[in-house]
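Structures are listed in the sections that come next.
Here come two complexes built around chain A, the first alongside chain B, the second alongside chain C.
This part shows the complex of A and B:
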C-alpha cells in the first residue's frame, strides 16, 4: 500500500457493537497555502484559471461551418416530408436527412431504437427530436435556412403518463423472504407514494462537438464528452467506419454529471454527417435553450413503498414498486432502472423484501444518465419511509437508523453478503455528531411546540420555522453486476524513451480530478515524483478503451488498473536492472527504450453476480453516505433556505482530500437543488422551462455552508482501497432536506421538489405548525388513509431498546390489498 | 478600447456582443458563454472595473472603455499568452483551495472575485456569496470558491513572507 494519505489518521471511533473500519477524517473548511493539503494541485488547474484551457467552442478550425439541428415540434407524429422552400437559395447550405446516413440509422447504445435522424415515413416520438441537419458558413445563413425548412407531419396519439404506458423498456423483480406474510404479521405498516420529477444536469458548458473530415474518408470529432469509446462505437456503426477512421478526441469539458455520457454520441454523429457532406469542419455548439430542451434528464419516478415493523421495532418487510419514465427511447434506461431497483431498499437489513420495478416509454424526450443513476429517486423514497416510521414510533430517526443499518455480514435483497467495507453506521454517527443532530433536534422540537398547533404562538411574529433532517444512503461502487467483467477495461502505463511515465486511459477529466489523481496513484506506486508522470490525451487514436467515465468507477476501477499496471512496470524494470525502479527507470529508458504495460480488468475475487436470476453480488462494494441538513422555512411563502449541511461519505480510501471534498460539496448542492427548486414543467410532452432564466439551480446565496467528512472503509478488491465518491452525496441530500422541512413545519412533502407551492399547500391543509401526522392532503387517499390510520392508531412496540411510548391497545393492521 | 492593458480597435457592427468580440475577433476565448441571456455569469468581465455579463453588452457601449478579462490576470509569457507559473493572488487561491473544478465558470468567477476584492468590502462569507451570486457553478457547491476568495483577501492584505 503506497498511497499517501495527506493527513494523519484520526482517532478510531468506538462505534458500538460492530467492528468499525479505521476512519480518517479530514478537517473541514481548513485553508492552507501552497498545496492542496499535501496532495498535488489540480493538474490542469493553471490552464483553467488563466483562460488558456481549450473547451470545444474555444477551438478554431479554419473554414469551419456552423451546424444546426432541425427538431420536431410535436410529441408523437408521422414524418411525412421535409420541405425546402424553393424561394431560398440552398446552394450555399448543406442539408442532411436520414437518407444521408451510410450505415445503420441508430445511435448505438443498449437498444437500437433511437434513430440518428427520424426518416421520412418514420415516427417522431418526442418533442425536440432531431429530424434534419443544416450547415452554413455563418450563423445568420444557418438561421435563415432553418426558417425555410418545414416538417410536414401527421399527428399521432401521445402518451405522457408513465402509468398509462404499455411499452416497457425494462423490468426487474427481486424477492427475498416472504414479504406478504411479514406484512400481515407486522405491528406497523407504513405506506407511501413518492414522486420525483426530471432534473437537468446543467453543466455550465453546453454540449459541443466539432467534426473534421479526414483524408481517408473518416472523421475526427473533438468535443465535450465523458465517454470517448461510446462515441467511437456510435460513429463506426452509423457511418460505416473502422476503428482507425473514426477518431474521438475529448476537449476540456465543462462539467458532465452524466449529461455527457450518452447524448454526445448523437451530437457527434450529427456533426460528422454534416462534415462529411460539406467536406469541411462543422461546429455543432448547442445554445442553452436547445441543450435544456433536447438533451437527457434524470428519470422521473413513482415509488410506492410499504414497510413493516415488528413489535420490537425491527424492520421486517419492504414491499417496493418503482415506475420510471424512460421517455421516448431506451438510452440507458434499463441500467438506470437496475441500479434504482438494487438501491430501493436503502442501506437497511430486512429479511423480507420484494422490489418490483419497470421503466416505460412516454412521448417525452429520452431520459438518461445523471449522477446517482436511478439511486437518488428510490433512496429519497426509502429515507422518507424511515423518517416517517421514526415519527410514528416516536423514536429518533438517528436511533432507528442505528438499529436498522447494514452491518458486516448482513445480506442484501439479492443475497449479497456484505463481507467488508460496511460503513453505514460510521458515516451516520460522524455526520450526526458533527452536526450536533440530537441537540439541534431538541431545540427545533421545542420551538415547534411553542409555536403551537395553529401557529398562533409564533414568537415575535417570527415567520420562519427551523428544522433539522437526516438521511442515510448507500451507493454501489462501479458498474452493476457483471458489468465490469463485460466492459473488460484496459489502462496502460508507459515508461517512455525520454524517461518519463505516461498514463494512458480513456477516463476523462470533467472537473472531478482524473488528471490529478492518476498521476498521484502512479507516482506513489512507482516511487517517482508526480511531476514525472504525464497523462495521455483522451483521444481514441492514442489511449485504450478504459470504459466510460461514469458510475463513480474512475478512481476505483480504472485507478486500480493504473496501479496494477505500474506494479508490473516496476517489476519488469527492476528485474531487468536489478535496482529499485525509482533509481533505475531513467537509465532503463535510455538503455532499453520505452516499456509499456497494458492492464486489463480482472474480476474482483469472490464477487459473483447472476444476470439471469438477478442474484449475488450486485456490486463489488458499496460506498456509504449520511447527510444532516438544517433549514429555515418561511411559513408565509413556503420558501426553504438550507442553512447548514454536514455530509459524511465513505469513499474507501481518500486519494486527494480537496478533490474528494469537492465532489461531496458539489453533489450535495445538486441534491439540494433537486430537493428544493429544480423542476421541469411539461405541457404536451414539451419542457416549458427550457431556459436558464426559468430552470433554476442554486446560486451561492442558495447554497448552505457544507461541511464534508471523509470516511475510509477500504475495499480490499481495489489495490488502493478506493470505492469512488462522485455519486454518493447525490443520494442523501434530498431526503435530508425534506426531513428538515418536516421537522420545521410538521408536514411531509412526498414529491420533489419540495417547492414553496407544495409546502404552502401542505401547510394550508394542516395548519402551519402541526407537529402531528394528521390531515395529509394528497390525492392518493387510499394509501395515505392507511398511513394516517397507522399514525393515529395506538401501536404497540417493545420499549427495549426503542424509547417509544407503550400502549396496550390492539395492534394496528394495515390493509394489505394493495 | 483598452483590453487587458492593450489598446484595441475593432471594426464590427455596434450591436455585436462584447462576448463575441472578445472570443472571436480578439481570440480571447478565456471568457465563456453559458447561457447567452445574463443568467449564468460565465462571461463575466470587468468593464471600467464593474462586473458585467459580456453577453449582454453591445460593443458600441465599450467604445473608449477599459475591459479586463481572465487573460489579463496572470503574468504574461514571452508569446504574450498568460504565464501559467505567474498566477495572481486570486488564481493561486482558487488553485490551492479547489475553487475550480470543471473550470467553465472559473474565468467569470475570478472576475467577480476581483470586483469584490477591489471594492474593499469585508470578506465575510455572506458578502462573498452576495458578490458571486450572479455566477453559477454546478461543480463545487461554492464552498471552496468562498474559501478561495477569503484566502485571496487574506493573502492580498499581507506582504509575502519570503
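This part shows the complex of A and C:
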C-alpha cells in the first residue's frame, strides 16, 4: 500500500520550479494502493513477462567460444608459474595470461592496484582471484583444459582480521565541537561495538559478458552491467583502445544492486582478451557458484560508538570509529567508506561529533558497491545506540528521535546546513502513526513483563514473543561531495527526423525503472504522449556518458538533465516555429530535420564541498526513511519471523508510484535478510557458503506485509524535486528488526545478522558459540556499562526527565531563519 | 558445464536390475539431488546414470497387511495429496510439505531422499520414528532393511551397488502418535539445521509412553535415533519433570558439529528445547 503525503512544513526556501511532471504525479495525500495512477507500464515489462527479453546468455553470436577463468585457491601467495600439461592438446583452446595484456594490467577504477590477471612473479592477494583465462569451442573441452592447467605458487602469510591489518586503503576524520569535553560532562554515556558482515547482492542474473572482436582491431562487449562507461574506460586502458574501438553494450540486466557496478569491468576485460586472442566472439557467463565466490560483497564493518546525553536528555556527543574491511583491492572502497563516514552519526543533530574511519586490506575477495554503499553498516550502529539510550533513559524510542532528529537549519558534522528538503520527523511520524507504534509497544512490553524480566519465558508460557522496533535513517542523494561535478554527466534528447523524441543516456535499466521514468519525464516536460518517447540503447557507441547507474542518482541527477534538455529542446523548437512544442514538433522534424540537445550537469546552486578538509555540503540533499518492524521470536529456537513492516520514505518527488513502492518493498526485504539470515562464513579467506543452497536470502514466505508510505519533500536543485529512492529503505530495515527482537526478548544483538544462533546465545540458552561468543560478552558488558552510567546519572527512574518539546534554547540549535 | 554422463532409461525392473548387475550405474529418480551434484561439480561425476523414472513398479501408495507402503518414486506432492498418507502418516506429510518448494516437491521422491542419505534428509527422522522398513531389490531378489539399520555412515547406506530402493513400509499403529519439527534458516527452501521426529504409543488408555522413538537429523553424520533418551522416556508420562530430564539427556547424547549452516551449541540447545516442547505439548501443560 502506498500513502503519499506532502510535507506539512512551511514552504521551502526555494520551491522547485513548477514543472510538467507535476501533471503526472498523484495528488498529495491520496492512497494509491499499488495503482499506477496514470503512470505508464514498465517499458521492458512485457518482454520480461513473455520471456522474449534477451539477457546476455540468450544472445547468439555465431562461432562464439566459451570462456572460463582460472582462479587462485589460496588467499595469499606468490604466483611462480602457470603450467600447461604437455600431455594435453592445447591447439584447440586459447590460453590468456597477464603477458597477453597489451596495455596496463589494471582494472581501472580509483586506484591502480587490482590486476586484470595476476602476472607470473606477482602476488595472489585473495581466494578466487583471476590468474589465467581459457576459451574453447565447447564447455566440455573448456572443463578438460581447466583441469590440465596448474598454478605453481609459494604461500605467503595472510591477514583476515581487519583489526590486524596494517594496510589502509582510505581514512577520514571528521570533527565538530569538542567530543572529549562533552563526553566528560555528559550525564549518560552509552558505548557499543557493532559488527556487520558481508552481504551478497544476489541479483537473479549472474554476471555475464560476451566480447566480439571488431574489424578495426577493437572489441565490443555485450553484457549485464550497471555502468557502461566504467567498462569503456577499463577496456581502453588495459587494451590500449581509443574511444571508438572500445564499445560497450548493455544487454537486458537481471538485477544489480551495486554488484554490477565494478565487477563487470573485470569480466569484460577477460572476455575481450580471449576474444582478441582467438579472433572470435567469446562468452563468459558465470555460474552462481563462481559468481558468489569471486565477485564483490557489501563491506563488513566494525563500528565503535560512544554517545553522550546531557541532563535534559539532549544528544551532546557522538564519538564514532568505523573500520571497514575492503578485501584485497581498493575497488570502490574509499567512496564506500566516505559515505559510511558521512552517515555514521545518523539523522540527529549533535554539537560535538568525532567520526574516525578507516578501510583496510585483508586477503579476502574485494568488497564493493551494494545498495546503501557504506550507509547500512553505520546506520545500524547509529540506530542501535539510539534505541539502547532510549531503554536506559526509559523514554520511548519515538520520543527520543523526535527530539533529536535534524530539523531545517540544523548543521551536520561536516558543517552542512540543512537548508531544505528535511523530512526526518515527517517520515518518523508517518511510519509510527500508520504502525500504531506506541500502542503496539505497550502491548509487547506488557507481554514481556508477564513472561519474566529475562525474556526467557516461564515453563508452560507462550513460547513465541512479539516485539516492535523502530529505526530512522537518512541517505545522501547522488554522489558524495564534489562527485557529481567531477563526473560532469551528459544526457541528450533528440527530436528525430521522423518526429519522435529520443532520450540518450548511459543510465541502465536493471529492473528499477530507468526506461520507464525517463520517457515519463520527457513526455511531461514536452507535453507529448509518452509513447512518442524512445529510449536509445545503452551502447557507448550511441549514448553520451550520463554517469554510472548507482548512488540513487538516476532519477534525481540524470532525470534532472533529461528535463533540462527537454526544456531547451522545447524552447528551440518553439522559437523556430512560433508554436507550442506539442503542436509543432512533428512539422518541425519534417521541415527542419533532427534537433539534438546535449545537457551537461551544472553544479547545484549553493552546494559546495571541500574535498581537502572534508567539510561543506556532503550531499545536495538527503532522503529520509523510517521503518517500523514487528517480529515474532520463537524463544526455543531463536527463529525470527518479521510479520509486519511500515516504511515511510521521503524521495523528494514520486515519479512513478508503483516503481517507487517496489523499491521500498524490495529494499526492505533485502534489509530484513541482512538483519536476520544473510551471512557469509569464511575459512582462510574463502567464502564457505558460496552457493544458493548455503547463502540464503528471504523467500516470499519470509516476507512480511510491507506498507510503504511515500513522503515528498522536494529538492529544489532538481527540476522535478526528486531525490532518489533505491537505497533509502536498505538503511533502516536492519536496526528496526533488531530493535523489535529486543522488544520481544529483552536482549540486544549487536552483530548482524541477528541469527537464531546469536539470539539463543544472548538469551543464555547456549554456551558461547563460535559465531556469537565475542558478540555476547561484548553485548553484556556494554549494556551493563550503559546501565551503570544511567545509575550514576542523577536521572530519576520512573519519571521522564526530558522536556516535552524541543525549544530554541537548546544550545546546539542553529538559527533556523534562513 | 560438465559433459553429461550417458543415461540409460530401462522400461521395467528386470531391465534395470540387469543394467545394474552388468556395470556401475548411478540411479536418478527426480534428479533433485543428482543434478545439483552434477552441475555443481560436487563429488565424483557419475560414469553412467540409470533413469528409474519410468519404472511404474516403484510408484503407488497402498494400505495392506497393517502397513502403509509408499513406492520409492512417490513424490512429495503425491504424498501431500494422498489420503492414506495423510491418515496413517501425517508427520511424513508434514515433513514432505517442508521440503524445497513446489518444483522440488513435484520432482523429488522419497526413494531419492532415502538413498541420498543426507544427514539432513527431512523425511528420514520420520521413517526412523515410525519403525519403517525399506525394501531393496536387485537381480538377487528383494530384502527388507529396517530404517534403524539403513543409514550406516556419512552418506552411506546398507544398499549394495546393484540394489534399488523399491518402496518403504510403515507399520500402521492406531495408538501411536508422531510429531515432527524442522528448524531451517528460513521458512521455505532451507536445509535443516535440526530436524526431529518423536513417536510413542499409548497402551490401554494409560498416560505412560511406550515404544518411544526420538529421531534426529543434522546433528550427526547420519540420521540417528537417540536411544539413551528414548530409554529415559520409555514408560514415563509426559510431565514437566520428564520433559526436563529428556531435554538434558538428549543434549548430552548428541555430538553435533559447527558447519556452514549452524553451530554445535545451537543444534544441541535447540534439539533439547524442541524435544521438551514436544513433550510439553503432548502433556498439555
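By definition in this document, the second predicted complex is superposed on the first by the 723 of 818 C-alpha atoms of A that agree within 3 Å, B and C clash if a C-alpha of one lies under 4 Å from a C-alpha of the other, contacts with A are read in each partner's own complex, and residues count from 1 in each chain.
Following the convention adopted for this analysis, contacts are C-beta pairs under 8 Å (C-beta built on N, C-alpha and C of every residue); 3 or more make two chains touch, one makes a residue touch a chain.
These numbers were taken from a predicted model, which means no experiment stands behind them.
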{"item": "A:511 touches, of chain B and chain C: first, second, both or neither?", "value": "first"}
{"item": "First, second, both or neither for A:463, with chain B first and chain C second", "value": "second"}
{"item": "Contacts of A:761 with chain B and chain C, given as first, second, both or neither", "value": "second"}
{"item": "Touched partner set for A:699, first chain B, second chain C, both or neither", "value": "both"}
{"item": "Touched partner set for A:254, first chain B, second chain C, both or neither", "value": "first"}
{"item": "Contacts of A:691 with chain B and chain C, given as first, second, both or neither", "value": "both"}
{"item": "Per-residue contact with chain A, leading partner among chain C and chain B", "value": "B"}
{"item": "Which superposed partner A:49 touches (first chain B, second chain C, both, neither)", "value": "first"}
{"item": "Interface residues of chain A shared between complexes with chain B and chain C", "value": "287, 691, 693, 699-701"}
{"item": "Contacting residues of chain A [partner chain B, same complex]", "value": "29, 31-36, 41-42, 44-55, 57-58, 60, 201-206, 252-257, 287-288, 510-513, 658-659, 661-662, 665-670, 691-693, 697, 699-701, 703, 705-706"}
{"item": "Partner chain A, residues of chain C touching it in the complex", "value": "1-3, 36, 39-40, 101, 183, 185-191, 193, 240, 258, 260-266, 268-270, 273-274, 276-277, 280, 285"}
{"item": "Sites on chain B touched by chain A in the complex", "value": "23, 27-37, 39-40, 42, 69-71, 73-74, 81-85, 87, 91, 94-98, 100-107, 110, 125, 128-130, 132-147, 150-151, 155"}
{"item": "Chain A - residues contacting chain C, complex", "value": "139-140, 143, 287, 289, 459-460, 463, 636-639, 641, 677, 681, 688-689, 691, 693-694, 696, 698-702, 756-757, 760-761, 765-772"}
